[in-house]
Structures are given as C-alpha cells and as structure tokens.
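Heads up, the next two complexes both have subunit A, just with different partners, subunit B and then subunit C.
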Partner chain A sequence: MRRYVRIFREFFRACFVEELEYRSEFLGNLISSFFGIGIAVLTVNIFFYQTDQLGGWTYADVLVLLGVFNTLRGMIDFALRPNMPRLLEHVRRGTLDYILTKPVDSMFYVSFRHLVFWRLIDVLLGIGVIGYGLIKKHYIPSLVDVIVFIVTIAASFVLIYSLWMLLMTTSFWVIRIDDLSFIFDSFFETARFPVGMYRGWVRIVLTYVLPAAVITNMPALSLLGKWNMATALIAALLALVFLWLARRFWRFALRFYTSASS
Partner chain B sequence: MIRKYIALLRMKYVEMLAYRLATIVWMTGAIVQPLITMAVWMNIDPSQSDAFLFYFMAVIFVERMTSAWDVWELDREIREGTFSNYILRPLHPIHWAVAENIVYKVLFLVILAPVWAVAALFVPALRFDMTGGQTLLFLMALLLGAALRFLLSYICGLLGFWITKVTAVYGVLEVISLFLSGRIAPLSLLPPVLQQWSIFLPFRYMIGFPIDIITKAANSHDMLQGFAIASIWIVVFVIALRWIWKAGLKKNQAVGG
Partner chain C sequence: MIHVKHLHKSFRVHVRQTGWLEAIRSLLNREYRLVEAVKDISFTIEKGEIVGFLGPNGAGKTTTMKMLAGLLHPTSGEITVGGFVPFEQKTEFKKMMSLVMGQKSQLIWDIPPMETFLVNKAIYEIDDRTFQQTLDELVELLELAPLLDKPTRSLSLGQRMRCELAAALLHRPKVLFLDEPTIGLDVHTQEKVRRFIVDYNREHETTILLTSHYMGDVTALCDRVMIINHGTLIYDGELDVLTEKLAPYKRLEIRFANIPAVPWENYGEIVEIEDGKATLRVAREKVAEVSSHFLQHFHVHDINIQDPPMEEVITRAFQEGFNDS
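Take a look at the complex of A and B:
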C-alpha cells in the first residue's frame, strides 16, 4: 500500500513537470474554470428568478449541490478522464504489453498514470461554491455532517470509476475507436440538479438504474445535515461491490489479451 | 456558379455518406442539455408543461438546423496548413463550407421533420397549426438563423490566422448565446435586462426568434423588428468576414505539409 502511495506521488510529480512545460496555458485554463463556474451560478440564478424552490431545494441548497457537482467533476477530470480513453489505445495498439511487464499492478497503472493537474482548480472552485451556499443558508455543518459528506462523495467517485472501468474493459473484446465518454457526460449532466425535480419514470431511472442524480445529491444533503446513515452506508457498500466487480472483470479480461503485432 | 455548386454539393454528399455512423451519432449530439433544462422549467411551472415540452423540442430542432461547426474545421486546417489547398483554388473557400452546410442540414431536415410528425401523432403537445404565410416566415427566420451562426462561426475560424485558440473564443460566444438565444429559458422568462440585450444582439435570431414565430409568441411588430435586426447583423457579419478574409490572407503563413 505504501508503495502505491509513493508511485501515485511519482505519477503526480511527472504530470506536474509535464504540465509546467506549458505554463502559458495555465492562465487560459484558470480563466476557463472561473468562467465555467460563473456561468453555472448564473444559470441557477436565472431559474430562481422565476421560482424560489427547485424540486424542494432552496436557492442556497442548489448552490451547495452545484458546488458538489463541480468538485466531483473536477476530481473526474483530474484522474479519470485523462486515463480511461487511453486504455482503448493501449489495447488497440498493443502497447498494453509495456504496462503488463512493469512490476506494478496494471489496473492501478492504467487508471492513474496520467493526471491533469490544473483540473484541481475546479475542485477548489467547487468547494468555494459549497462554502458560499452554506453561508447563504446560515448553516455550519457539524463534524459528523462533514464525515458523512466525505464518505458519500468518495463512494460516488469510486462508483463512477468502477462503472467507467467496466465499460472500458469491454474493449478487450470489442475494438472501438470512439471512447464513448460522451455517454458518460450526458448522464453526469443530469446530476447537476436535485433528483426530486425530475418526474415519473425519469426520476426512478435516475435514482435506481443510473444513479446519476444520487451521486451528487447525497453528498450535498450530507453537508446540509439531512443525511441518512442507512443510505450513506448502502452507497459506500455499493461502491465497494462495484469496485470489486471492476477488479474481477479486469483480471478476467486480461486473460483474453493477446496483444497486437506492431 | 450554379454548376460549380452542383459539383460541390455532390462531392459533399459523397463525403457525408462515407461518415454515416459519425453523422448519426453527431446528430443526436446536443439533446441532453435541453431536456434537462426542460425538466427544470416543468418543475418550476407544472401548469405550463406542454408549452415547455413544445418549446424545448423546438430548441433541439432549430439548434440542429442552425448548428455551425466551421470554426473547428477552420481552426484545424489553418493550424495544420492544409487550408492553403483551398486558398490556391479559383473558388473562394467559403463555398466549400456553404455546400457542406447545405448537405448536412438538408439531411437533418429530412430525418428530423418526419420524426417530429410521428411524435406529434402520439404526443398532442407537439402539434401545432400554422398558415402557409407563417410557415414561410418560420422558414425564413430559420434560414437567417443558420446564416448568422454560420457567418459567426466562419469569422471566428478565420481569426485563426492570428491566434491559435479560436475555438476557446468561440466557446465563450456559445456560452453567452446559451442565455441570449433562448436555450436556457424562453426569452420571456429572462430578467428584463437580459431580454433587452437579447433583442439587439445577434444570438436571439439564431434560435429563439424562429421558435417565437412557430409558438406565435411574436406579434407582427416583433417579427418586423426581428427580421430587420437579423438582416442588419447579416450585413455586419458579411462586411466583417470580407475584411478579415483580406487581412488574414496577408497575414497567412502556411505551415509546411
């Protein structure tokens, strides 16, 4: 375990150095991150110009939710998005060979080798919006709130990682060129708003089948002190089950890997 | 000129057929965001659900019919130097882009209009009745919208002669247009300040204006004003395009390749 922490730090350092080569882009990225969150807040303001609640959530609640959404998306763009599509390339070109011969767990390597460091700005901005929402609400989360929040947001992240990994691992059988991340984007986009806002079967699908809405709603509710220990535990358990499944599937898929001649 | 266009259209048609799958995937492209926005509005005012359903379906339709992708093409071509191939030919490069737009949008229309018709059979909220004159006005507004978006996109693309991040510039414009074109909300629901701005800026005439005609939200005065302002913007864009094109050619240094 300690070894993997060290390797992860090494990945982080390597990507950081790489990023420093393109220093002039940093300002542009910073501006676009600020612009993005500004637009998102403006959108919420436009909705609340006509109403004072959205699916039972007040303006401040929705801001907290937006902050959670931005934080989670920042984390995904930091660690997952740069890596997941690369796996397809590795399998198609046969460069997975190089990874398999390294004395490090292959799933760990393909998942975290490439980090887009500046995306952490989105995480910080998201936390900023969460803070702003909480101030608007005049609510100071207790220690338990924060712990439940951390558990649920981590569960959300692990769940997204596992599902994406499962999807990408199918590339051992189905050679694809497109990375299908637009499917993920579409569903994640639904997580921007309270799930109570959707109606009928859409709500049921988003709650139980594609828990896009739950992955952001639950951490936000935790911070607002409206958590429920049972659902938080179920979420954590579900995340672990899917992680285990993804792991098993990866192991299984590796047995079918036959490389590609160069 | 007509013969040239026939040749261009045929060429672009064959090109499109070569990328059938990509075209279909791409056509379904931007529907999730309008659908989510629709859910938000239905939640805010449930009594108007049918009107919102119609409005946002119309947004998806009009958005597809007026969509512009030339800035990404131009950005790539100028950066990689392949744009020189077009400059050398005896026909202005914009004609290739125009032909491509015609081919794709006719395809969208041929596919989307029957889909709408079938959907309207089952969903009463999607039905509408229009006189011949209104249909004509709607189509004119749609054409103006497509022209405006195309010109704006092409102008941004030509800025690639000077700067390397034109797609980022265009991205900012797209986001502004998200609000002012009526994609986030029907324009009548925006705060008054934004409504005022939207009348004078070109974005409204790219998406919101044709929809206002079809939903009869626009009276004859609004329409007259709308067509006038949209036409003025067309003229402004054409002049800007010509000027940037001339200045850009002087600036152009093709990348070898």
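Take a look at the complex of A and C:
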C-alpha cells in the first residue's frame, strides 16, 4: 500500500512536470474553473428567485449539493477522465505491452498514470461552495456527519470508477468504441440537482437504474446531517462489489489481450 | 534461464471480405479462422547468452517473445523464465526482465527522459544509491548526458532509442527481450547500439533474446540463432554452423598484377572477372588449396577470403528449407 502511494506520488510529479511544459494552460484552466462554478451558482440563484424550494431542498441545501457535485466532478476529471479513454489507445496501439511488463498492478497503472492536476482547482472550489452553503444554512456538521460524507462520496467515486472501468475493459474485444465518455457526461450532469426535482419515471430511473442523482445527493445529505446509516452502508458495499467486479473483469480480459502487432 | 517446451499459440481471426454485401453479412454472421502463429516450439537459453531470433515478417517471432515476456497467454505448452511462469505475471518476474520494442516507446513524450527514469525508479522500487550508480553507468555507456534534460519529443530516433534502452535497464534485469531494437536507425547509431548491447551483456551476464530484420545485428551480437518460419522453429544453433551448412562456400577475391588466362571455372563458380581482379565462389574445403595454388604460381597483389553475406545465407535457407536440422 505504501508502495502504491509512492508510485502515485511519482505519477503526480511526472504529470505536474508534463503540464508545466504548457504553462499557459494554467491561467486558462483557472479562469474556466471559476467561470464554471460561477455560472452554476448563478443558475441556482435564478431558480430560487422563483421559488424557495427545489424538490424539497432549500437554497443552502442546493448549494451544498452543487459543491458536492463540483468536488466529485473535479475528482473524476483529475484522475479518471484522463485515463479511462486512454485504455482504448493502449489496446489499439499495443502500448499496453509496456504496462503489463511493469511490476505494478496493471489496473492501477492504467487508472492513475495520467493525472490532470489543474482539475484539483474544481475540488477546492467545490469544497468552498459546500462551506458557503453550510454557512448560509447556519449548520455546523458533526464529526459523524463528516465521516458519513467522506464514506458516501468515496463510495460514489469508486462506483463511477468501477462502472467506467467495466465499460472500458470491453475494449479488449471491441476495439472501436470511440470515446464513451460522453455517455458519462450526460449521465453525470443529472447529478447536479436534487433527485426530488425529477418527476415520474425519470426519477425512478435516476434513483435505481442509473443512480446518478444518488451519487451526489447522498453525500450532500450526509453533510447536512440527514444521513441514513443503512443507505450509506449499502452504498459503500455496492461500491466495493462493483470494484471487485471491475477487477475480476480486468483480470479476465487480460487473458484475451492479443496485443497489436509490431 | 529460459525453457520453452512445445509452445503453441493460435489466434481466432475474423475472416474479412471486401465489399458492401460482405461487410453487412459479417455483421450478422462472422466467420472465424484459427491461425496458428506458433507451432510446437521448444528451446532452452542459458544464462548470459545472446540469442538472435530470425524469421520473415509474420513468422511468429514477436508472438513468441510476447509469450516469454508474459504478455500473451500461450494456447498450450510450457514456458519458464528464470524459474517463473511468465503469464502468471508475478512481481518478482517482472522485476527481473525487461522488454524493449523498437516501434513502441515507453518514454513520456512531452518531458525529458529523466522523468521517465524517475517514474521507473518508483515502479521498480530502486533505492537511491543503486539508481544513481546504474544511471551513471548507463549515461556513460550510452552517451546520454546531453539528452537527459531535453523533452523526449525533441530527440532524434537514435537518441530516443538509447534512452529507451536506459529506461529498460535501470532495474538491472537478468533477462532482456529486444524486439527490433535498431529499426529505422542509421548505420552509425545501429553500430553504437550494438556495441552497447555486447558490452552490457559481457559486463552483467544478462540473458538477451533479440529479434531483428538486420543481419548486421545478428552477426554482430549473436553466437546462436534461432530461425522461425510459419510458426515453426527450423533452425537452432550456432551462427557459424548455419553459415557452413547453408553456404558451403566462401568468397575468394584475388588481385593480380596481370590477370592470368586460366580456366577459372575449374576452381569454383565465377562471380566476376575484371581488370586485375577475380572473384570466385569456392567450396569451403577447397579454399585453402585454391588460394595457395594462386599464391605459388602467379604474382598476387592481394587475396581476400570472406564468408558469404548473411542475407544471402538466410534467403537461401528460406528458399531451400532445412532438411536435416
């Protein structure tokens, strides 16, 4: 475990150096991150000119939710988005060969080799918005709230990672699924708002079939002290089950790796 | 170090036909064909050997090498490398071997090679002192000093290849697989890379298996060659023996002050007779006799006896087949 932390740090360092090669990106990223969160907060404000509740959530609640959404998206853009689509390239071009000869877990390597650390700005901004929402709400989360929040947001991240990994692992057979990340984008966008806002079958689908809404709603509710131990545990368990499945599937898929010819 | 017994690998290949109708049909009902890439190959390589793996494109060289490196799962047969079964992909196994592919790069494109070395240092858990020692040695042998802090993308192909070799050797592997290490390099750089491989092998007793299209690589590096064609091993033995067996003649070049009028064809096959110079292809066992004959009876300026070029030998091998090997 310590070893993997060290390797992760080294990946981070290499990516940092790599990104600094293109220094001008820093400013662009900073501006776009601030702009993105600014627009999002503004949108929420516009909603609340008309009403003082959104699917049972008050203005401050929705801000916390927005913060959670931004934090989670920042984490995804930091670690997952740079890596998941690349797996396809590795298989297609045969560079997976090098990864498989390295004495690290190959799934770890393909998942975290590339990190876009600018996106950590989004994580920080997200945490900022969460803090702002909590101040507006005049609520100080207890230690348990924070622990449940960390567990549920980690579960959400692991769940997204596992699902994405499962999907990308199919590239061992289907080498031409061109960038499936857009599916994730549209799916994940629904997580921006309270589930209660959606009606009818959309709500059912977003709760049970594609639990995008749950992924952000649950951590937000935890932080607001409205958590439910049972659901939190189920979420954590579900995340672990999917992680296990993704791992099994990866090991299985490696047997079918045929490698690109040189 | 490397033991291979009755190794087989077959791929299921989708049979593609051209044309619209066929394309649509293949969507519904695909035909598959089983391609046997490697058929019943067995061999052993001892510690410290450099073995050349030869064969035309698509013969199964790279497939075999990838099975040895644990990348591909053999269909059947046994492989052990340094006591490990490669496909189990144990960490200890990966730490004792390395793979270099001339056509694929492991260096990080936008940043200097040194950064890749540092990533590898973490991955292979190399401690600081060993890392520094190994790096110093490789930097000296491969003349990397001026390259270390330039972005990889700005390096020439030859410079990049030298860095690839360094990246692959930082953890001091005991077994090294080189797949076309000199492909696309100019003659001078090829020579540099070869000299490095020979020196490195001598210094560290690394077992090296090499595939190459360039005969020069093989003649310069390997005492032993394995020739593979259509997935079968057709020759495994010393390079010299191969030459003798397939090319039972030598090339004899004699320069005279005045070229004598003799029945040349009695001495051997005529390659070329020109002003003051005769080139003959003479049977191995007659070379000594023929050359001493000319030296005694004629005024000879210079005499030169050579093995036929390796390309010629190998081409013949594939054309005529190996009957008794």
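Basically, the second predicted complex is superposed on the first by the 261 of 262 C-alpha atoms of A that agree within 3 Å, B and C clash if a C-alpha of one lies under 4 Å from a C-alpha of the other, contacts with A are read in each partner's own complex, and residues count from 1 in each chain.
Here is the rule we use: contacts are C-beta pairs under 8 Å (C-beta built on N, C-alpha and C of every residue); 3 or more make two chains touch, one makes a residue touch a chain.
None of the values given here were measured: they were computed from a predicted structure.
Of the two partner chains placed by superposition, only subunit C is touched by A:98; subunit B is not. Once chain A of one complex is fitted onto chain A of the other, the partner contacts of A:18 are limited to subunit C, with no touch recorded for subunit B. When the two structures are aligned on the shared chain, A:50 is found in touch with subunit B, with no touch to subunit C. In the overlay built on the shared chain, the residue A:35 is in contact with subunit B alone; subunit C does not reach it.
When the two complexes are overlaid on their common chain A, residue A:10 makes contact with subunit C while staying clear of subunit B.
In the superposition on chain A, A:228 makes contact with neither subunit B nor subunit C. Those residues of subunit C that touch subunit A in the shared complex are 11, 62, 66, 69-73, 89, 91-92, 94-95, 97-99, 101-106, 108, 110-111, 115-116, 118-119, 121-125, 151, 179-180. Residues 25, 32-33, 36, 39-45, 165, 168, 171-172, 175, 178-179, 184-185, 189-191, 194 of subunit B are the ones touching subunit A in the complex. The touching residues of subunit A, counted against subunit C in their complex, run 3, 6-7, 9-11, 13-14, 17-18, 21, 93-95, 97-98, 100-104, 106, 255, 257-259, 261-262. Chain contact summary for the complex, subunit A toward subunit B: residues 28, 32, 35, 39, 42-43, 46-47, 49-51, 54-55, 178, 186, 189-190, 192-193, 197-199, 202.
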